[in-house]
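Here come two complexes built around subunit A, the first alongside subunit B, the second alongside subunit C.
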Partner chain A sequence: MSSVKDEIEKANKEAVERMMDSEPVWVDVGIAREKLPEMKDYLLLHAGPPITWEKASGPMRGAILGAILYEEWADTPEEAEKLVTSGQVVLEPTHIHNAVGPMAGIISPRMPVYEVYDKKYGNKTYSNFNEGIGKVLRYGAYSKEVIDRLRWIESTVAPILQATIREIVKDRGGISLKSIIAQALQMGDDCHNRYNAATSLLLKEVTPYMIDSGFDKQTIREVYSFLAGNNFTTLNLGMAAAKAMTLAAHKIKYSTIVTVMSRNGTETGIWVSGLGNRWFTAAAPIPKGVWFPGFSESDANPDLGDSSITETAGFGGFAMAAAPAIVSWVGGTVQTAIEITNKMYEITYAKHRYFQIPYLNFQGTPTGVDIRKVLKTGIVPTINTGIAHKEAGIGQIGAGIVSFPFEVFKKAFEAFIQEYEI
Partner chain B sequence: MRYRVEASTIGRKCEEVLERGERYSRVRHVFANTLYLQVGRDMVIVNRKNNRSPNTITIPQDSLNIPFYSYIRIGDNVEIGRQYIRVGELEIGLENAEGYFPEKIDRIRELDELCERMYLKGLKTILLLYYISTENIPILGLSRFKEFLNKVVYPFSKGDLEAIKKTENYKMLLGLGQGFTPSGDDYLLGFISFLNLLDDRFQIPRVILEDEILFSNTNWVSAMFLKYAQNGLYDEDVYQLLSSISLKNETSFMDSILHLARRGHTSGLDITLGVLTGFASVIDRVKSRNLTERLINCTLGSFLGEHVENIYPGCQRS
Partner chain C sequence: MSEKIKKLFREELKIANIGLEIFYRSLKDQGVEAIQINWQPPPSLEKGLKEKLDKLL
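Right, the complex of A and B next:
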């Protein structure tokens, strides 16, 4: 009979191997209602652990209101709020739908979504489209300009990308996101807050097919400009890829590897592979940031978004040593970026087989947070992040660095002790 | 003198030692953030880790961010003044240092169901943290540890008081294992500290290892830690752990285990294992619960690939 020690070791090895071997491929674009199996009218998905309207932060509330207006379930923000407080509009975490969204992470039924297929393990994951930076829904802005942009994405960007990716799928099965991430990490991206290289690599692959998509030249040009003009275009695809990787590692009995790290603007929450879909939560911290002109820490909302799925999968903030230029966006020094990566090795199970950091002699990125190592060392995962204004409707006010609260790992550890006979 | 810092705290024992104005004072060990000083027959620790103890002077973590070893050497003289100490090139001002005078921990008076639950939770916690290591855990893989359990802990848990009285028995663990404070010493520190905290109603004699045994079997610093612990002087982390048992505070107990676990490679875990071994064996003496057998099962069984049936025939794996 093998010991618990052996069981945990075996489970963690399997979880992290699966995380690294997962092969996420972008295969389609569609409407959330049609793509997500459990999606239905009057259901809104949001980032992070479960949240109620009463506990939701300003930017989360703003994004919820904006999504209701976008769906045309209400004509005014006041009517929209009544729909949520009366329970007619239901809120559920993206993660239970195998989906992810940056910041507020709202996915509504008519929103277009990317579909990512894990060729190795057969899972499908989803993410919404990226709207750019500044006043955008995911940061809680819901003005007419924001809703109009979402509708333009739905009516113009999504159909072109759908036609494009379907041709690519016919031609060569889709676009390997793992390959793009691996290359981008060697070109100065971390693939969380810096996607400059990844976006160029993606556009290099999709542009010929966009040109051949049959849409008029002017529209294609507009869509191209929108995609190329936003370095976060690839963030949502990268997140869906990371979700596929971590999903492959999820629900492995005895595993102490973290498979979800996320925040809803009020609370931070994690999942642990061997503990299934149970959330372990604590209050979300406020990031240390670089502020847009006119804003400061006192304006900031506590941390928000599913984008820390990138760190969960072994890149993003964990690979900051690969992206020295990122410090101009999130703050700190190049040395800080290197130190963060080096520290993360102390709480992770493996060095990634495919994601490497040139500056660290092509060492694999720290991959697979082990809750036991967090408890043993007291070191908590550090990520980089965008920062939303605490009030609804204002949007992004900076970017920065933040650490997950120790408390969530402690709660998960105690649950693990209860769950398994040690 | 090149550097001066102000101490933030000073321990009670430290004050006593410094007031005596010992003539023989020198640096015994130097690390980046910690100094071990011999002052007469006592030990004074200087650290910037914010870990207080009765014999520690702490200085702020962010002050003088230069490793001690870059300007202090082993053997450097320690000069003790009225409001300062000078260690090599460093002067530490003591005038504004806050005193660290922890209250004496109340003796453990009863071991009820809550204590048993705390013990089990604590054991599971440290085992899971030990399990992180894929290689052999220093203490658990050692045959002398197995021998100690066999000759001391197990018989004691079954009622044999002589087992813990024979100070010779402790020699097998003293100095055992690697590390600045060897694993065997850490384990003993926990084990002895727990036993010595029991109320007289348990009728368990205090365990005091003589200086001769301590200093001839392990290094000076580790021997000093054991000597102080035998007299109820612990650093803040160990204090919290023992205090939480005495107060039967489950939350504080878990927090202190996790805090202590961060110490060294397995140093904090080894101390906790010692405490929990004492905990188990005394509960067994009082309630005949067979916790000691289970503990041995979990520890040795996991790491030596043996089950307790092979060590103690008739024992069942939990």
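Right, the complex of A and C next:
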């Protein structure tokens, strides 16, 4: 009879193999209400573990208010707040809907979403559109310019991208995001906070189809400039891809591999494959950052966003050694970036078969955080991240590096022991 | 001070610093040849939990 240790080894191998073999392909654009099976009116999805209005941080609150104004469920922020505090507007984590969103991660019913299909394992995952940096909804800003931009994305960007991706699907089944990520890692991106190469690669694929989409030239040009002018355009697609990869590894009995790492601006939370959709949480730390002019650490909100799904899938901060130029955005030195990647090998199950780091002799990226190894070594996953102002309505104030609290891995291990009666 | 220690300080020092990086940086700033070894003490876990972890890893 095999021991529990053997069962874990077998389960972890299967989980990480599935994570690496997943084939996420961008296949469609649609409205969240129509695309996400459980989406409905007066439901807002948010990043990280479950949150209530009372516990929500400033930027999370700002993004919730902005989404309600965008939906036209209320005319003023005060009315919007009443809708949440009275329970008319319901808040649920993105992850239980197989969705992800950077920073506050708000997805509301009328928002356009990307649909990603895992060709290998059949799962569908979703993410919202990226608005750019600075004063944007996902960082808690909700002024008129923020809402107007979201409406323009809905009315102008989404229809063009929908027509574009549907033509691509007819021609060749969609755009392989795994291939874009694998290439971009070899071109100086980490595919969390640096998507410069990935966005160029994506635009190279979509632009001919955008030109042929039948929309007028001026509008196509505007949409192209918006996409090309924002290096984070591909972040949301990369995150949906990472969600597909980690979902493929999720719910494997006995597996101690982490399948979700996320933050809601108040708490940090993880899921573990062999423990299903149970959240293990602790207070979210404040990242060490590089600050936009006029801001400092005292303005910063605790860590926020689903974007750490990239590290969960074996890229992003875990692949920082592939992206030396990222330190100009998130801080530290090139040596720091290499050290972070090297450290992550200590707590992960495998070196990724498809995601490689040229500087480390094309070694695979560290993939599949094992809660046992975190407990054994005391090394915790380190990621890079954007940083929001702690007050609602201001937006992004920097970017930096942050580590997940040890406590969440300990809580998960304790639950694992209980679950499997060890 | 023992003869061994005195001898050590008379020689050119080559230092391997384990753990806190601030000591390594300080030595480098003073022009001392040093390398940094990243290490941290293992986390302290309750006895029962540690035993189970050892059994499972």
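Descriptive notes on the structure:
The criterion applied here is as follows: the second predicted complex is superposed on the first by the 422 of 422 C-alpha atoms of A that agree within 3 Å, B and C clash if a C-alpha of one lies under 4 Å from a C-alpha of the other, contacts with A are read in each partner's own complex, and residues count from 1 in each chain.
The rule we apply is simple: a residue touches a chain if its C-beta (ideal position, glycine included) is under 8 Å from a C-beta of that chain, and two chains touch if they have at least 3 such contacts.
Computed from a predicted model, the values in this text were never measured in an experiment.
Superposition of the two structures on subunit A leads subunit B and subunit C into a clash. Residue contacts after overlaying the shared chain place A:A325 against neither subunit B nor subunit C. Using the contact criterion defined above for the overlaid structures, shared-chain residue A:G378 touches subunit B and also reaches subunit C. Judged by the touch definition given at the top, the superposed model places A:E414 against both subunit B and subunit C. Once the two complexes are overlaid on the shared chain, A:V90 sits clear of subunit B and of subunit C alike. In the superposition on chain A, contact of A:A283 is made with neither subunit B nor subunit C. Of the two partner chains, subunit C is the only one touched by A:E339; subunit B is not. Among the listed stretches 167-175, 257-265 or 275-283 of subunit B, only 257-265 clashes with subunit C once the two complexes are superposed. The residues of subunit A shared by its contacts with subunit B and with subunit C are 4-5, 8, 256, 372-373, 375-378, 410, 413-414, 417, 422. By the touch criterion given at the top, residues 38, 40-43, 45, 49, 52-53, 55-57 of subunit C touch subunit A in their complex. On the subunit A side of its complex with subunit C, the touching residues are 4-5, 8, 256, 339, 343, 372-373, 375-379, 406, 410, 413-414, 417, 422.
Those residues of subunit B lying in contact with subunit A across their complex are 121, 123-125, 127-129, 131-132, 134, 254, 258-259, 261-262, 298, 301-303, 318.
Taken together, the subunit A residues at the contact with subunit B in this complex read 3-5, 8-9, 256, 370, 372-373, 375-378, 410, 413-414, 416-417, 421-422.
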